[in-house]
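The same subunit A turns up in both complexes below, where it pairs with subunit B and then with subunit C.
After this line comes the complex of A and B, so read on.
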């Protein structure tokens, strides 16, 4: 390694830079999809709330754009020092991709500013044209994401005969499509939960009644989009994991049964918490509908069933940290390995059924909500205030989960920069412990939200303070 | 419902009345905990259902979490003075609390950190071989366990040295192991799929191959 970045270490700084850049990029890619849909719904349903929701979210996106660029620059500079040989290799092999990436970012930024600054002028005549600009913005953002996914997925699943492979083969490597699908859906989920976070913060910090009604509704829409797409993520994750398995079965073993198996245990806990929290919000939403209380008994049972399904999901085959570690001294193996008759609980079949049950129960709770809505009206702004804390906890969980799965994807390469092709010979070639990973993710999550808090304060807090 | 909200806001119920609504979730949680810590240890090991203490701790945490969720469901609506300093301050507090809990969760579970220089610092040939076996570069341990306990996609290697000596007539243990690594398809142990990497020998220097075989021959 040419230079290390003491005292934090090159890997840790690259990690923070890459993850922060990814989080901002996910937000500025995911939120505009949400925004254009809302703008369209505003026109279609003639409901001005959708228009306001789209506009307030876009205000946050515009500011988040510059932070995406700044964190991208931080990531690139920290990468180029300690990992210059490897970065140079990637730059040479993917030169047309990086050149196109730069060009598209430039065009996307221009389109984003055009979209934002033509909102008012095109509001009365030309709304359809404005929505078309939004669609173009999303198309550009999606292509940018696909390009970088090509580089990222190449590092884990390079095609056979890397030396002679064409640029298209490098991009269209065995896990590119799986990663594209998973990231596209996850970005919308993330965008939905971020909108809910913005809404909850503004709900709690605002003292106007009409604002409470609007932000209550905005939080509901954000959570709805987040949860609706969250339901698809386990399926997309399965497709991605299957691509990795077909590429190299040893990868799956390393992920699910060996060094990273406890990362997946924690992922099970996180996704269970995401679903439980989203359902709890749905429960609180149902309670504020006149007559909604009559569904309480059914929803209560659904919650109990969800906790049982989560228990199956996170039941480990054993409490050993990896495949080769022996049981700790004085601890009988039978204590830390799943009992024989219950062994089926540790198998993928049981986990798959448990996830399916959690998804089905979420849909069921949503049906109860719709049923309540059919016979009673919602008093927007009257929701139990605990619901807003659920909307604050949800993005924290979502960002942490994104970071964890990102770490898993990177650590799956083991001691390779490009799996089984370019070896990582730096002092940081080994997989860090889960505790260290968690600490890193905690720091990244807090820094990300501190920056988002700054954006909210600049965009909404200062504006409010300045207005009479 | 709005009346209920108003009543809760006044807080004019005596404490014991307010607690009554939590009776069912609290009792249910206690019952589950009793089943985990009293009934399960009573089961004979031969029943195949006696979960060890780490499993009981995991399920207890889930029971407590589920109980808390049910209590939250039963609890009266909360009304805060919106826009107040308290409400503003509560946003980062809830956020920090959530992240802190997640970091603590990551630190609490079993984990492993590979020593930085496992291969290079090993002294004897057998130790060097063991380091190769556990190296993620070679990845033998990904499919082969030694002495059971963990799931394996390849044969368990406990007692390998003895089996290798008798696997093929006229072929010694060392020769057999060398062939199995260089040409994994030469003999597939029944009930296992032919999934062993074919290029393993190319990824090892002759010295590393010797070290690995020296280690495998100690598995008696």
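After this line comes the complex of A and C, so read on.
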């Protein structure tokens, strides 16, 4: 390694930079998708709330754009020093991709500013044109994502005969489409939860009744989009994992049965918490519908069933750290494996059913919510304040989960920069422990929320504080 | 600044976590120093999907063959290979002593020549005696749970 970055260590800094960049990128790619949809709905339904939602979210996106660029630069600089040889290799092999990426980022930035600054001038005449600019912004963002997914997925699943492979073969490697699908849906989920975060923060910091009503509605829409797309994510994740397993069965052993198996336990806990939190919010939402309280008992039962399904999901077959570590001295193996009569709970079949149950029960709770809505009207702004803390917890869980699964995807390469092709013999070649990974994810989540807090303060708090 | 009295505590937590996350200088790799400046080129390019342990479908076997004695053979169900993975037996009743020596629940399947039979699942640390009647021919043996067969839990059974 030509240069290391003491005292943090080169890999950890690259990790923080890459993950923060990805989080902001996911937000600025995911949020505009439904900003445009909301703008369109505002025109179509003649409901000014959609217009305000789109505009206030776009204000946050514009500021988050700068942080996406800054964290991207931080990531690049930390990569170019310690990993210059490998970065050089990627740049040579993917030169047209990086060149196009740079060009498209430039165009996307211009389009993003045009979209933001023409909002007012095109508000009366030319709304359709303004929405078209938003669609163009999303198209550019999606292509940018697809390009970088090509580089990222190549490192884990390079095509056979890498040296002779064409650029298209490098990009269209065995896990590219799976990663594209998963990231596209996950970005919308994340965008939805981030809108809910913005809404909850503004709800809790505003004192006007009409603001409470609006931000309550905005938080509901954000959570709705986030949860609706979250339901699709296990399917997309399954497709992606299947592509990896078909590529190399040894990957599935490393991921699900060996060093990273406990990472998936934590994933089960986090995704279960995401679903439980979204359902708890739905339950609190039902309470603010006139006559909605009578549906609460049914939703509570569904919630309890979800807790049971989540417990099945995270039931491991054994409590050993990996495939080769011996049982602790003096502890018989039978004490740290699941009892025979409950062994079926540890199988994938049971876990698949448990995840399906969690999804089905979420849909059932939404049906209860719709049923309540059919019998009474919503008192926007009258929601229990606990709901707003749930809306802050949801993106926190999403950020941590994204970080965890990003780490799993990278660590799946083991001690390879490009799996089974270019070996990583730097001092950071090993898979870190789950404890260390959790610490890193905690830091990343805290820094991301601190930066988002800064954006919200600059965008909404500072102006309010300065006004008489 | 009102409502920000928690800020020093949060900063302290972040600082403490950051210090705890310092992993410099790392651990030298066994192959370090053989490659480029950042150690990127230590191994010769080795694309292809040959796994390090076990034997995925189609890959050469790493486990010895076994001949059933008196129509009975013991098969170790390990993570993730069968031991032995090449078995020879005489036509008629074949008894398998299935011993789960792994850390995950396993199973045993015999396929081919119109036969597709599965034994009951074998729990971790447990054994099972399973009998099946087979005509002469070559059969595939595997663990049918999840993708264990693709990970290497597969082999052949020749009945003569």
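Assume the second predicted complex is superposed on the first by the 468 of 468 C-alpha atoms of A that agree within 3 Å, B and C clash if a C-alpha of one lies under 4 Å from a C-alpha of the other, contacts with A are read in each partner's own complex, and residues count from 1 in each chain.
Just so it is clear, a contact is a pair of C-beta atoms (placed from the backbone, for glycine too) under 8 Å apart; a residue touches a chain by one contact, two chains touch by 3 or more.
Just so you know, these numbers come straight off a predicted model, no measurement behind them.
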{"item": "Side-by-side fit of subunit B and subunit C on subunit A, or clash", "value": "clash"}
{"item": "Subunit B versus subunit C as contact partner of A:320, first or second or both or neither", "value": "both"}
{"item": "Contacts of A:7 with subunit B and subunit C, given as first, second, both or neither", "value": "second"}
{"item": "Touched partner set for A:310, first subunit B, second subunit C, both or neither", "value": "first"}
{"item": "Which superposed partner A:340 touches (first subunit B, second subunit C, both, neither)", "value": "both"}
{"item": "Touching partner for A:421 - first (subunit B), second (subunit C), both, neither", "value": "second"}
{"item": "Touching partner for A:436 - first (subunit B), second (subunit C), both, neither", "value": "both"}
{"item": "Touching partner for A:348 - first (subunit B), second (subunit C), both, neither", "value": "second"}
{"item": "Touched partner set for A:257, first subunit B, second subunit C, both or neither", "value": "both"}
{"item": "Partner chain(s) touched by A:389 [first = subunit B, second = subunit C, both, neither]", "value": "first"}
{"item": "Clash-bearing segment of subunit B relative to subunit C, given 27-35, 45-53, 63-71 or 189-197", "value": "189-197"}
{"item": "Those residues of subunit A which subunit B touches in one complex and subunit C touches in the other", "value": "249-250, 253, 257, 317-318, 320, 323, 333-334, 337-338, 340, 415, 423, 427, 429-430, 432, 436, 439, 442, 446"}
{"item": "Residue ranges of subunit C in contact with subunit A within the complex", "value": "10, 13-14, 17-18, 20-29, 31-43, 45-49, 51-54, 56, 79-80, 103-105, 121, 123-126, 145-147, 150-152"}
{"item": "In the complex, subunit A residues that touch subunit C", "value": "1-2, 4-9, 11-12, 82-86, 89, 158-163, 245, 247-250, 252-253, 257, 317-318, 320, 323, 333-334, 337-338, 340, 343-344, 346-348, 415, 417, 420-430, 432, 436, 439-440, 442-443, 446-447, 450"}
{"item": "Subunit B to subunit A touching residues, read off their complex", "value": "1-2, 45, 47-55, 58-59, 62, 65-66, 69-70, 72-73, 75, 77-80, 82-84, 87-88, 90-92, 94-96, 98-100, 102-103, 105-107, 109-116, 134-137, 139, 141-143, 145-147, 149-153, 195, 197"}
{"item": "In the complex, subunit A residues that touch subunit B", "value": "200-201, 203-208, 212, 249-250, 253-254, 257-259, 262, 265-266, 269-270, 276, 280, 283, 287-288, 290, 293, 296, 299-300, 303-304, 307, 310-311, 314-327, 332-342, 382, 384-386, 389, 392-393, 396-397, 400, 414-415, 423, 427, 429-439, 441-442, 445-446, 449, 453"}
